[in-house]
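Just below sit the structures, each encoded as structure tokens.
Note that chain A is present in both complexes that follow, paired respectively with chain B and with chain C.
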Partner chain A sequence: MEGNRKRWDTLKRDRMERIREAIPLVKMGKIVEASNAVKLLETVIKPYDKVTIEGDNQKQADFLADCLCKVDREQVHHLHMVQSAISLPSHLDVFEKKIASKVDFSYAGSQATRLAQFVKEGKIEMGAIHTYLELFGRYFIDLTPRVALTVAVSADKEGNLYTGFNTEDTPVVIEATKFKQGIVIAQVNEIVDKVPRVDIPGDWVDFVIQAPQPFYVEPLFTRDPANITDSQVLRAMMVIKGIYAEYGIQSLNHGVGFDTAAIELLLPTYGEELGLKGKICKYFSLNPHPTLIPAIESGWVESIHSFGGESGMADYVAARSDVFFIGPDDSLRSNRTYCQAAGHYGIDLFIGGTLQIDKFGNSSTATASRIAGFGGAPNMGCDPRGRRHSTEAWLKCGREDGVQRSLIGDLPRGRRLVVQLQETFREKMAPGFVDKLDAWKLAETAGLAIPPVMIYGDDLTHIVTEEGIAYLHKCSSLEERMAAIRAVAGFTEVGLEEKPEETTELRRKGIVRTPEDLGIDLSRANRSLLAAKNVRDLVEWSGGLYHPPAKFRSW
Partner chain B sequence: MRKWEEMQERSFYESTARERAINLVDKGTFTELLAPIDKMTSPHLPILGEAVSFDDGVVTGVGKIGKRPVFVISQEGRFIGGAVGEVHGAKMVATFRLAQQSYEKIKEKYPNDYESRIPAVVISFETGGVRLHEANAGLLAHAEVMEQIQHCRGKIPVIGLVGSKVGCFGGMGFVVVATDMVIMSDRGRIGLTGPEVIEEAMGKKEFDASDKSLIYRITGGKHKYIMRDAAYLVKDTIGDFHKQVAEALKMSYDEVQSHRCIGSLKLVEEQLELVKIAAENNFKDATDVWAYFGNKKSDQIQDQFYDEFIREAKRRPRR
Partner chain C sequence: MALQELNFSFKPEKNFTSFAPEWFHSGVVGSGDMEVLMEHKKQDGKVTVKVVTPVTGFDQVWEKVLAKFVAETKIGNLHMEINDNNATPFIVHMRLKQALFEAKGDVES
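Up next is the complex of A and B:
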């Protein structure tokens, strides 16, 4: 019997073995010299391991990603990458070099075109494209990393990590790896005697490497007000009057884009004029958008919890601890997992822009040649079926729902507002409404199991275009929804199918409302309504606390 | 259309060419010539399948400041980046000709009192230069405008204003410095080759076109003011530009001329001396040049707001 006894600690023993092999590379405590980084990876990573490289939305474990590309592929191969973002060229180079072979991820950003190419050429076996929460969830189910390559601002000799302004994914990546007997390697900008605050306890970290260069951060959430168009101002007025005021939206998430930046910049002007201060837009799940500064300074916003930071906003955020979540060291504590969960359950409204909406109301940012992934938008751009607390906005949207009664009878149940902002014709005259999404073509060319859809039509409650607002959730059939979409789709192929008598009926029912129906003076819909017209104005609003990166300093 | 008084407060940078044209002159005095209703459009663009604009991207007309007729040319950056095509250029040239005819008539009518009534030409530049779709006509237009500026010399002050979104680049970068006086806001930019083109030709190390801060240090109003390429730096409102033009029109013709960058042997020598200074000192950035001319905290200049900058800026001394 003795010989047959099953071992229940194989993972732990394997882990100990790998760590033991790496001991000669350790300089002191947990610190490994940057020059030994490649060797360390060759030692602790084994073929077929699941490996995560922390490629967040913003801060990047770029040094470790480069090192992984340099390992000997005789020793390390067939890795299964499980990472939230594919954002650096090196994230794909590991596949070109045949070090890794499979990927499960959330968001591809600037690597979207090359990723699609690799998948098509068979260089990458595609697992699935996830939302952030979905991927993080699977870290604790069937995609647990064996090795995590993470990134922090600083570490001490015991391995305590300070993630600073951009904590983002670090806690979830490390927790999933460490507690399933995996190995955690962190690159840091500097090694210090005492970290300003402990974001990750040292005993969760196995190795620390001071990278030769500070990690790369991309200012993804800054939109220069100078580039906001009059048409965006009009849609922002419609959103504020026809949706935020109409439903009394208190808690929300804004997708990143010029459309939502316009809304943020209209709160202190148009919103104030409509007497909405204190009645709408009090609680946000949101990165520290610089365009929200005027609304914050005017006293609109009570609380903002953030997925990550934003370049140049550190001093401003630190000085507004009533609004943001701030650590004992006075800097922002962001956390993508918590913020996504908060955004999924805690908010009444999600609003964002998209590339294409089809005639049924499904929307996608995919094009035939790019696998862009989802990021976090679908976690907020959906109705959370597990929500059980009620707010007036949520209940009103549920009451108006055209099909709910036919499913659950007369029981009151609310509904998340999911709003898509769309220009009927986008840049380069690309139509914003299409008969069939390009996502279908992408699924075919890249061999994906399903077309990547950002927001499904049945989750979508409102579409806002310069033609008007379609209150889709009020519709009682797919036919009616399609008619409402046509009514706001302008001169696109979808919009040209509009039947005027149908639209008249929809306007009568309040399912479609034009700017005139909403009582919006079109002659006022221009940039002069913006509380800040350029980045310099934002700096002025912030009292000099906002320090925009050079690429935004237009003065 | 909003009231003239309201428009004086409006950002010059944010305003359309027509808003600028109407409100740069005294209230209610502007008459547009070859307005959109005349539909004089580019003959070349339709052949290329491109959309036309009924004013071909430039507003021309005449108004008054005080007693003086002011002939206005105002370029519209929202139409092909304010680029100069055949009609656009012809409208500019025709406006100069009208100004000269007006000068002769006034002189004839008020032989003893014409100096306080002589016309001026004001150009609100917002352009990337030649419209590549009609490049030959566009280039010719540049030359003709230069010639018209020469015809005006000794008679009619020509004032260039730069403070709009596109700035003043390409061939029009040459034209603007050939005017008698340049007035800018700190949001205005003047240059010859656009930032992206420099980057493409010389590499990102030499010029990073995504670095807006760098672009403004090299081409922006503050730099041009320190270097005296711009005679005056004003705040970014139509009213401030209007007031500065009105001030200029109170000056004697010789005083206006004293702000020229080129146009005499002495001025050419002055420019060549600058080239020499630049070569000798091996400046790495505009901040080095500012420091050379006595600005001690040159690294803070870029972040200074208008009043502080005007109070503290040390400008290139003139010979």
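Up next is the complex of A and C:
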């Protein structure tokens, strides 16, 4: 019968064939010399393969990324890159050299402008821009990598990997590849007799290469308190009093930025003064932000699970195993997939800054000339519709919802708080509120299917500006939401449309509250409220355990 | 960068309070975002403002920020000189209010 002759193990046979061809390159066990790395890639990667380069948010398989740019494009071409971050020049060079042709990714960071150019010039076929969880999900559906170029701190000769402080994406990348008969190649900083802890079992890894240089790590989450402005202090006071205290927010994620750093540094001062210790901010899904050290040291924080590590924080984190997730080797175990899942389902509030909010409340970090991607924010900056556990904060936000009853009747259902912090005008007088998002222009110039929106207006519950807090979820119509947005949009084109009588009515209903309504004394909104005023103060709070990277040391 | 000078004049609120101190100075333009000199000036309650700023094209925004300050604080008989170093509209608003708070001990009713 025809059916009986069909082979059901073609992937496996293909995989074994590729590995067999590479055997002459292996020095010992699974170890391949760095000088043979390009040859190895030419041997095990075939045209049209889906390939992932572990370009995490922070740690980078930079050596393997460079090697991929050096392969013979007669042998290796039309690769479909499926990677979370496009953050190194080599991640795009591989398209310039016509080795790869298509990309599916999450986040572009410093390569965002060049990526937009490449797409425009037709050098890259754009698949889709994802959130991290979305891309990782598709690794197990229709974007399973054939070859994974991954990165770890150390390996033994059996291929056991130690990913240490910055585990990040490694487990999900390797699991998706290996168990669909793919090939896993790891660059490591050193090869050791015994790894400090086994983060990835050796039989999930095919080849190990000791890179000539340690992998690159970017300190993405360090914010120098010296750069926090008085206006950020004011917004932080409003958030703590008007949202965290109001709802009793216990579990949360803070975006990256000076606005949220200001909140972290106000907990031990302003938060303490309001008597909120033990009542708010106990559980975080968060990278080890140095600016959270004063709050941790003051006993505010019960638990933090992290997506990745942060440069200079290893010793501090290791010494606080009551708070962080620490392995038997005494170093942090971070994991982007788990932390994103935790941030999606486990927390009551997401708060972060953005570049633009439109008159409807949609917000975006896209500009017309950059494809920056999403990273993980949209998975936390949304109402997780599959959530089924309840907390006080979640229930209160649901009770206040202005449209919920018209959709599900009198059944109680809670709601995630999704908060955007916005300065009405940012540096160089760029307006924070606009009539139409630049994302529309980007979608047009780069030929994207939809304008890239970080947080959709119907997920957004609160906007905080210097003018006040808009409690958008309380609104019962789009018209009312737009009026509430205008009321806090200051002197921007959106804010100038504000009608004083509408704002008065919204303040009466508690949909808009100004600093005055919240009982916040403007004259106190200055940097003297910060628990640490510079990086050196953070080092002191940590008892010398935090070792800031050189670029943050001014003393 | 070329500096431009803007001049504004506002009518006070009906129930205004005269700015009492002879003068009050706040901020450092070199290392901060702006400085302001506030002076008592008998001018039928009017508030006059001279702004020196490197930013062009925001005359209308300046006018709105200053008008809001005058309306909210109900201050009168005041002349201000503002030297701006790229302060955002909100920062201007906040600095003016903070300066007035500081000077306020001497405000006569």
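As a working rule, the second predicted complex is superposed on the first by the 551 of 555 C-alpha atoms of A that agree within 3 Å, B and C clash if a C-alpha of one lies under 4 Å from a C-alpha of the other, contacts with A are read in each partner's own complex, and residues count from 1 in each chain.
Keep in mind that, in the parts below, a residue touches a chain if its C-beta (ideal position, glycine included) is under 8 Å from a C-beta of that chain, and two chains touch if they have at least 3 such contacts.
For clarity, every value in this text was computed on a predicted model and none was experimentally measured.
When the shared chain is aligned, no partner comes close enough to touch A:V153: not chain B, not chain C. Once the two complexes are overlaid on the shared chain, A:L496 sits against chain C while remaining clear of chain B. Of the two partner chains, chain B is the only one that A:W555 touches; chain C does not reach it. Of the two partner chains placed by the overlay, neither chain B nor chain C lies in contact with A:A377.
When the two complexes are overlaid, the chain among chain B and chain C that reaches more residues of chain A is C. In the superposition on chain A, contact of A:L234 is made with chain C only, not with chain B.
Contact with neither chain B nor chain C is seen for A:I280 once the two complexes are overlaid on the shared chain.
Counting contacts by the rule stated earlier, no residue of chain A appears in both its interface with chain B and its interface with chain C. Chain A makes touch with chain C in their complex at residues 229-231, 234, 423-426, 428-429, 465-467, 490-491, 496, 522-523, 525-526.
For chain C in complex with chain A, the touching residues are 55, 58, 61, 64-65, 86, 88-91, 93-94, 97-98, 101-102.
Residues 226, 527-528, 533-534, 540, 550-555 of chain A are the ones touching chain B in the complex. Across the complex, chain B meets chain A through its residues 10-11, 13-14, 165, 186-187, 210-216, 220, 302, 305.
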